[in-house]
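See below for the structure under consideration.
Should a chain be cited, it is by its letter among A, B and C, assigned in written order, with residues numbered from 1 in that chain.
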Amino acid sequence: MKQFTAVHDVTDIDALVKDALACKETPFAWHELGKYKTLGLLFFNPSLRTRMSTQKAAYHLGMNVMVLNVDKDGWKIETEEGVIMNSDKAEHLKEAAAVMSQYCDVLGIRSFPELKDKEEDLKDQVLNDFLKYTTVPVISLESATRHPLQSLADVVTIEENKKVARPKVVLTWAPHPRALPQAVPNSFAEWMNAIDVDFVIACPEGYELDEQFAGNAVVTHNQEEALKDADFVYAKNWSSTTEYGKCVVQDSSWMIDNQKMSLTNEGKFMHCLPVRRNVVVADEVLDGEHSLVIEQANNRTFAAQAVLKNILKGKR
Amino acid sequence: MKQFTAVHDVTDIDALVKDALACKETPFAWHELGKYKTLGLLFFNPSLRTRMSTQKAAYHLGMNVMVLNVDKDGWKIETEEGVIMNSDKAEHLKEAAAVMSQYCDVLGIRSFPELKDKEEDLKDQVLNDFLKYTTVPVISLESATRHPLQSLADVVTIEENKKVARPKVVLTWAPHPRALPQAVPNSFAEWMNAIDVDFVIACPEGYELDEQFAGNAVVTHNQEEALKDADFVYAKNWSSTTEYGKCVVQDSSWMIDNQKMSLTNEGKFMHCLPVRRNVVVADEVLDGEHSLVIEQANNRTFAAQAVLKNILKGKR
Amino acid sequence: MKQFTAVHDVTDIDALVKDALACKETPFAWHELGKYKTLGLLFFNPSLRTRMSTQKAAYHLGMNVMVLNVDKDGWKIETEEGVIMNSDKAEHLKEAAAVMSQYCDVLGIRSFPELKDKEEDLKDQVLNDFLKYTTVPVISLESATRHPLQSLADVVTIEENKKVARPKVVLTWAPHPRALPQAVPNSFAEWMNAIDVDFVIACPEGYELDEQFAGNAVVTHNQEEALKDADFVYAKNWSSTTEYGKCVVQDSSWMIDNQKMSLTNEGKFMHCLPVRRNVVVADEVLDGEHSLVIEQANNRTFAAQAVLKNILKGKR
């Protein structure tokens, strides 16, 4: 593996999921693989699970880790090409990426979208500029468009918990007080479309995901219909895609509660966290026996470890 | 040891102090004990000594450490039960604690009091919620009510420097420009009450520590009387306990200087640091030969190491 | 080596440069040297390259590293002697330095000048107070007056790239929108004066470096004349030295572009980074084949490693 930024960077999803499960079984079995290797984790935005689980994964592999909160520990980074740099941005991404390639064997990058201009966000400029200007493998720690480490952990969690060969998986929009990126649902949809599940997306009108992510998934505006016989319910808020980046719908009837879950096939509840309790999902569901959210978070470690393991093997 | 949040978590104080002194003697003797174990240090508030000494302790034991400034690296954490999370807090402590338990074998938590509502602070909610929702051992890195790693280091320092079997130890209030927590004096009092010393607390009226911490200690409002024949003088500011959390008294006559120290039995000066020079204590005392403050700070490492060592042994 | 704060701390520059090149050749050859040793990196100001390269260097040597953003992770530090500490500064440097000496075997300190009072900045108080109050070796990670790790990396880069025994090296002032410290040019000048090169400084009137740094270097206000036949062009902005710390000249004609470089002897372009593109230097130069900036950044690791190696050897 040369990079991990989206499902299309993975040649064999089944093998990668098996790798993650093997890492979960014996986390320290490949502890020599990362010896003398350094992972740099660059955060342009906050992070809790990604930060900790990716460090943990690197530790399992015996890697050294350097964490940088780019703007706070350093300074603002310019991305525009050919610009006269007389504003508040002290360093160009070209230099930052090239320099960090000198210090790290693998780089992880987190950079959220601005949510102001759809076309701009879809360019995923920070991630793509790092891919262009680094000379080492790059892992997305959530970019403007995708969150592939989360999606891989989600696939691992579904694999561990499915009771039928081809489960029904429902991605449902849920309310939230703030405008959030589409990276998690985009990415989840891409991965679901790449594995063998019956995949349905439920969202309000105006919240349809971009076609490149939604693919051939069934899309409905009727949440209850979608939930019927679901084996997995993946709730997530995202901001409007038609009135781009706006928080147009706040309709609390989209919140997942036990009554909604009763429509499913004893379905499991999934969410990437952090989650707003009693806004996105009711306490009764999150604290109930069908919630997989903590196990999803746990699987983040092994998703990251499987990716790092494949990258390190590619380097050797 | 399952947790370390107060003196009552310790079954044998003498043995723990001996452990700390053994760690000081040969810091790397148990370097294999923490192999493949991860310590998570979560700071809801600033820290210098605790941050560095606890990292150092973990390093002595061969542990991996992940440090998280919760609010700055991540986001604000909700603690209220059953709340509709539509404010500025992005994640509930229930999830944060459960998730971090997946990534860490031991968790250290620093969380200061608000100093607005005494009953609220005495609940020590952040620490207690972590104890409730984590599945791994928890160490207090200073909570709303106590600072047990500091107190253990203080006990170790007294043990190393006492000239008589039962020394006189005086905890004296001292001035400070800002309202400070009662965690350090509360905790120090608890530990002094649990070991064999002649313990006296001197403070202005209205600054009496809560009974659950002060216990049977002699309490006086006459500092000079208290200092008489003292072997150890532990100075510390704390905010008012009757006009809760307020900075009512600023009386500079409570500052410790050489004239005050001359009342003692060639007493040693102690303070947990950081200390306001010439407000809490005069330069002449802090820079004099009877000051133990740097050794106290040094002993923080071995206090933390003894605690981690006992926790790791309990896990095996 | 007992400390590394300026060229005068180095007894044999040639040997140190050879050491850095040996570290570059086989980075992990001395991996046992730092076993059980801890490096503390204290940042009073932002850092990207210094932070990452020094961590990397320590990792190559098997050291443990603790990074502290002093003001953000902890609190403000008082440096004034004999002061009554009732302002916003919670801890005196005396205690901070003495305490950190308990936790670390080597300390690195970054502290920029205020750029308000020349005499004050020339005292380099934070660094010098750390030298005074620590009991362990101190490395400057850039102080008010010098940036010696950068300069050593620069010397290594010149050594690797020179085509003649005694190359012509030109340090030229360049424009910048903000007032910057003189530490990098001061330090570069000192090191150039200490090795066998033909050294010229070009700057606008009023920007002459202090004599203690410039030494016997040729100083000219004519950039084009200076650049003639140069083997290395080191561009860098610094603020006025006569109207101290002010940004008096913004003259864009001082920017380095291909036309300027054509005056040189196929000269190599150097800059310490971060660099303002098309303000300090044109894209065409920075992206051209004669730019050494990324290699300079790479050599930061081996400069730091050589220094740490010598300090650790001194300790053994």
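As a working rule, a contact is a pair of C-beta atoms (placed from the backbone, for glycine too) under 8 Å apart; a residue touches a chain by one contact, two chains touch by 3 or more.
What you are looking at is a predicted structure, and each value in this text was computed from that prediction instead of being measured.
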item: Shared interface numbering between subunit B and subunit A [over half = same, under half = different]; value: different
item: Rotation in the CA alignment of subunit B with subunit C, degrees, nearest 5; value: 120
item: Length of the line joining the C-alpha centres of subunit A and subunit B, rounded to whole Å; value: 39
item: Subunit C, residues touching no fewer than two other chains; value: 72
item: Residues on subunit A engaged by subunit B in the complex (per definition of touch); value: 27-28, 43, 46-49, 51-53, 55-56, 59, 69, 72, 177, 273-279, 283, 286-287, 293-294, 297-298, 301
item: Complex contacts: residues of subunit B adjacent to subunit A; value: 36, 38, 40, 64, 66, 68, 70, 72-75, 78, 82-87, 90-92, 94-96, 98-100, 102-104
